[in-house]
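Presented sequentially are two complexes of chain A, the first with chain B as partner and the second with chain C.
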Partner chain A sequence: MSAARPPSTLTAARAVLYKELTLERRAPQTLTAMALFCASAFVIFHFALGRDELEGALASGVLWVTLTLAALLGIGRSFVADREEGGLDGFLLAPAPRTALLIAKATTLFIFLLIVGLLAALLFSVLLLGPTPSASQWASLALVIVLASLGIALVGSLIAGIAIQTRARDLITSILALPLLIPLLIAVTKASAPLLGLGAGTLAGRWLALLGLYDLIFGLLAYALFDYLVED
Partner chain B sequence: MPTTKSLYGRRLTGYAIATAIVLTASLTLAFFYAPIEVDQGFSQKIFYIHVPLAIVTLGGFVVGGIFAIQYLRSGDTRHDLRSYTAIHQGLVFCIGALITGCIWAKAAWGQWWVWDEPTLVSFLIVFLLYCTYQPLRFSIEDPQRQARYAAVFAVVAGVFVPVNFIAVRLASPLIHPRVLGSSGGSLPSDMRIAFYSALVGVALLFITLCKYEMASKHSRAQLGALRRSVSGERDEPLATRSAAPRIAVK
Partner chain C sequence: MANIEPAVVCSQLVRLYGERRALDGIDLTLGQGRTLVVFGPNGAGKTTLLRVLATLLRPSDGEASLLGSDLRKEGWKVRSKIGFLGHQSLCYGDLTARENLSYHARLHGLAEPAKRIEALLDQTGLSGRGDERVFGYSRGMLQRLAICRAVLHEPQVLLLDEPRSNLDPAAIELVEPLIGAGGGRTRVIASHDPAGGLAEADLVLGLRDGAAVLLAPPAQVTADQIGELYR
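Presenting the complex of A and B:
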């Protein structure tokens, strides 16, 4: 009898991803919390700024601050169920490559962020945004949201992997994630500002390049270092 | 396994004396040899402290990252201690760079803080990130896991520094005097001598303080071990929560 072959990285990642999405589908927690957080934040911004309509840099700032803080909720929840229910131990006992866990977690977070990002942008355009973006501006904004979600998902998975083993998990997640996400936030806010402005603003290539660079560097870093976070 | 005895205190006196001499000489050069800058006047003298502090801070963070990689590759706890010390002292120097930067901004532009200044803003972000190093270590009890996670952090943060500088620089107009630009710099030679000697002096100060901190931690661990052996207690130190690496004493 030949021994069963261990699953490949992609097979294991797909299995974990399926588990994550099924969990969220059966008992929606993270997605709904993130979406509700965004809606509440927009209402708070309306009263705090005393403005009915926003445009340009201010609109871009409000949208991305809200999305970043909502992302923190998702990052904070990323490994909690696995840790509390023993899923992490189960994964470590399985003969699966550890990178599979990173891929699955980052993909889950990416999907969540993408859904919340697009929903929040739509909601933002209804509630607070003054100018009406054109179809091409919407497409550009969607591209920015995709690249930003990818970057946040990669950095977030790495941070969630670090924070899950600490005592003050929530504190560590927030204080680690916010400074690490600043370069990404600079790029996305600068990229989005002309798209949410009054004129026919277009997407500047250098901010996309910076976002791509950020995603690439932190993707490689997460890939190289994640194994050290799930050693025991 | 090589003994750690006398490893950290080695050449400490030599470094301390060299630091005192070079720092004194560089400050003398800065104040009495280098000419007064035409635009900013005497207040430009802070440049000879601020810029070396900033450069050495970044160097310290890079060194911390390199030792962290060595720790991850070898598992040798001495690399963890070196990484911890470099980042710890780097943070102290970073505070110095930020404060002197604020003073310079006040003297040059009349404001304590200017958001248009990408280097200063980048430093603030880097400072905020490295501030989380100690709380992260402190929140992990198991020494091995603490060292491993801290090493992962040090590598990530080390890579973050240049990305952050690029992002902040792209986002703000350039107003900082580019004294050592790629075009060869506009620093006259007499200013350059004072600047480079200050840089060497501050770098020596960094090395001395790192060595001092490691020697101090090692001595304290040795003292604890001796005290326990005299009082007949068990050999292992009591588990206490600490952000600093545990040092194994033979």
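Presenting the complex of A and C:
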């Protein structure tokens, strides 16, 4: 008989994460959809605004509206395979800590958001951005994208966990996620605006601190609530 | 003689879906190593009963315990001892059979799953196609893989929802050592096959609209009584 004892949270999270990344590698649907959405949105903004180049607050707004809506695509798809193929039941039947699913889902979403965020920022700088950011501004923008991706991944996984138990999943995702993401969106647009403007704009520490605090609060909330969301 | 300590106990078990009583006051006791076969028309509550016993659904009222653990409060204690086979394979179409089983083995904390996985694939005739993605499998192959998944961690209790559906006679023979009575496991089987079900049952439960309308040893049950459940 194979020796078995309940896996640790980390072991189970690694198993789910490996499965998630393998599924995306085999059938790259989520990343493709998110990246295509960003590219399409930038083209639309380019023509709709009637401007070849954006800067400052407007540039920041266009970049983050696009990334937020792309993130909703990723959040909406994060439990699709589990729902359609019974994978959630498969996980719940195992003696694995439920938190492992949250960690794996949030990590997967974080990786996707990070990839799409960095690619979108590069594409945005080529297609729409007027000023050319300096190396330090790029590094600061990357830090904002990392913190924003973390916050969106945590909130998104929590919302996806709620939505999978309902019939109106797609609706629930948008209705719950967007209001919860508003504090984060205010912080990222404010933090990004000086980095995308003319001159040597720098990252404001208070917006960075707000982002960090947001990530911490929603990380703790997700950790505390997730078990109750996925269990019947 | 088989150990007759109760493996499954339900007392006035109720499960609600909104206001509908999917299970309505079920009382039963099943000894360890025994087989309970559940009959009833579609929507009678067979699958709901299995899902409650599998800890996927919580009882709305009443008591349900498995191997001495109260499923409402201590479901986590028994998950490693349950093998559940439902209508879905619970396997991902874009993973291979080996990858799917390896994934479930890791979730169950199996120390050295490779040998067990190979043995199961071999036993169910899937080893030759174990590296193919599951979405290309026929329904019968998928059912065999689902059986491998359900017994992978060598559970003490098997909860089987129409386990032989989609299987041809040869495949039924292949999976018999895994899910049949010979394994000495406690089994709860939902079935629509009166003759086959009665042959392997130690206890028969007939459900209609969530209520137990028949609970008796198979010797006291006729195929006509089972047929009556469906009329």
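Here, the second predicted complex is superposed on the first by the 229 of 232 C-alpha atoms of A that agree within 3 Å, B and C clash if a C-alpha of one lies under 4 Å from a C-alpha of the other, contacts with A are read in each partner's own complex, and residues count from 1 in each chain.
Methods note: a residue touches a chain if its C-beta (ideal position, glycine included) is under 8 Å from a C-beta of that chain, and two chains touch if they have at least 3 such contacts.
Since this is a predicted model, take the numbers as computed values, not measurements.
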| item | value |
| --- | --- |
| Contacts of A:Pro7 with chain B and chain C, given as first, second, both or neither | second |
| Which of chain B and chain C A:Leu158 touches, first, second, both or neither | first |
| Which superposed partner A:Pro179 touches (first chain B, second chain C, both, neither) | first |
| Partner chain in contact with A:Leu225 - chain B first, chain C second, else both or neither | first |
| First (chain B), second (chain C), both or neither touched by A:Leu171 | first |
| Touching partner for A:Ala191 - first (chain B), second (chain C), both, neither | neither |
| Residues of chain A at both interfaces, chain B in one complex, chain C in the other | 231-232 |
| Of all residues in chain A, those that touch chain C in their complex | 1-7, 11-12, 14-16, 18-19, 22-23, 26-27, 81, 85-87, 89-96, 231-232 |
| Of all residues in chain C, those that touch chain A in their complex | 54-58, 76, 79-80, 82, 84, 86, 88-95, 99, 103-113, 115-116, 133, 149, 153-154 |
| Residues of chain A that touch chain B when the two form their complex | 158, 162, 165-168, 171-172, 175-176, 178-180, 182-184, 186-187, 190, 206-207, 210, 213-214, 217-218, 221, 225, 228-229, 231-232 |
| Residues of chain B defined as touching chain A within the complex | 72, 125-126, 128-129, 131-132, 135-136, 139-141, 145, 148-149, 151-153, 155-156, 159-160, 163-164, 166-168, 170-171 |
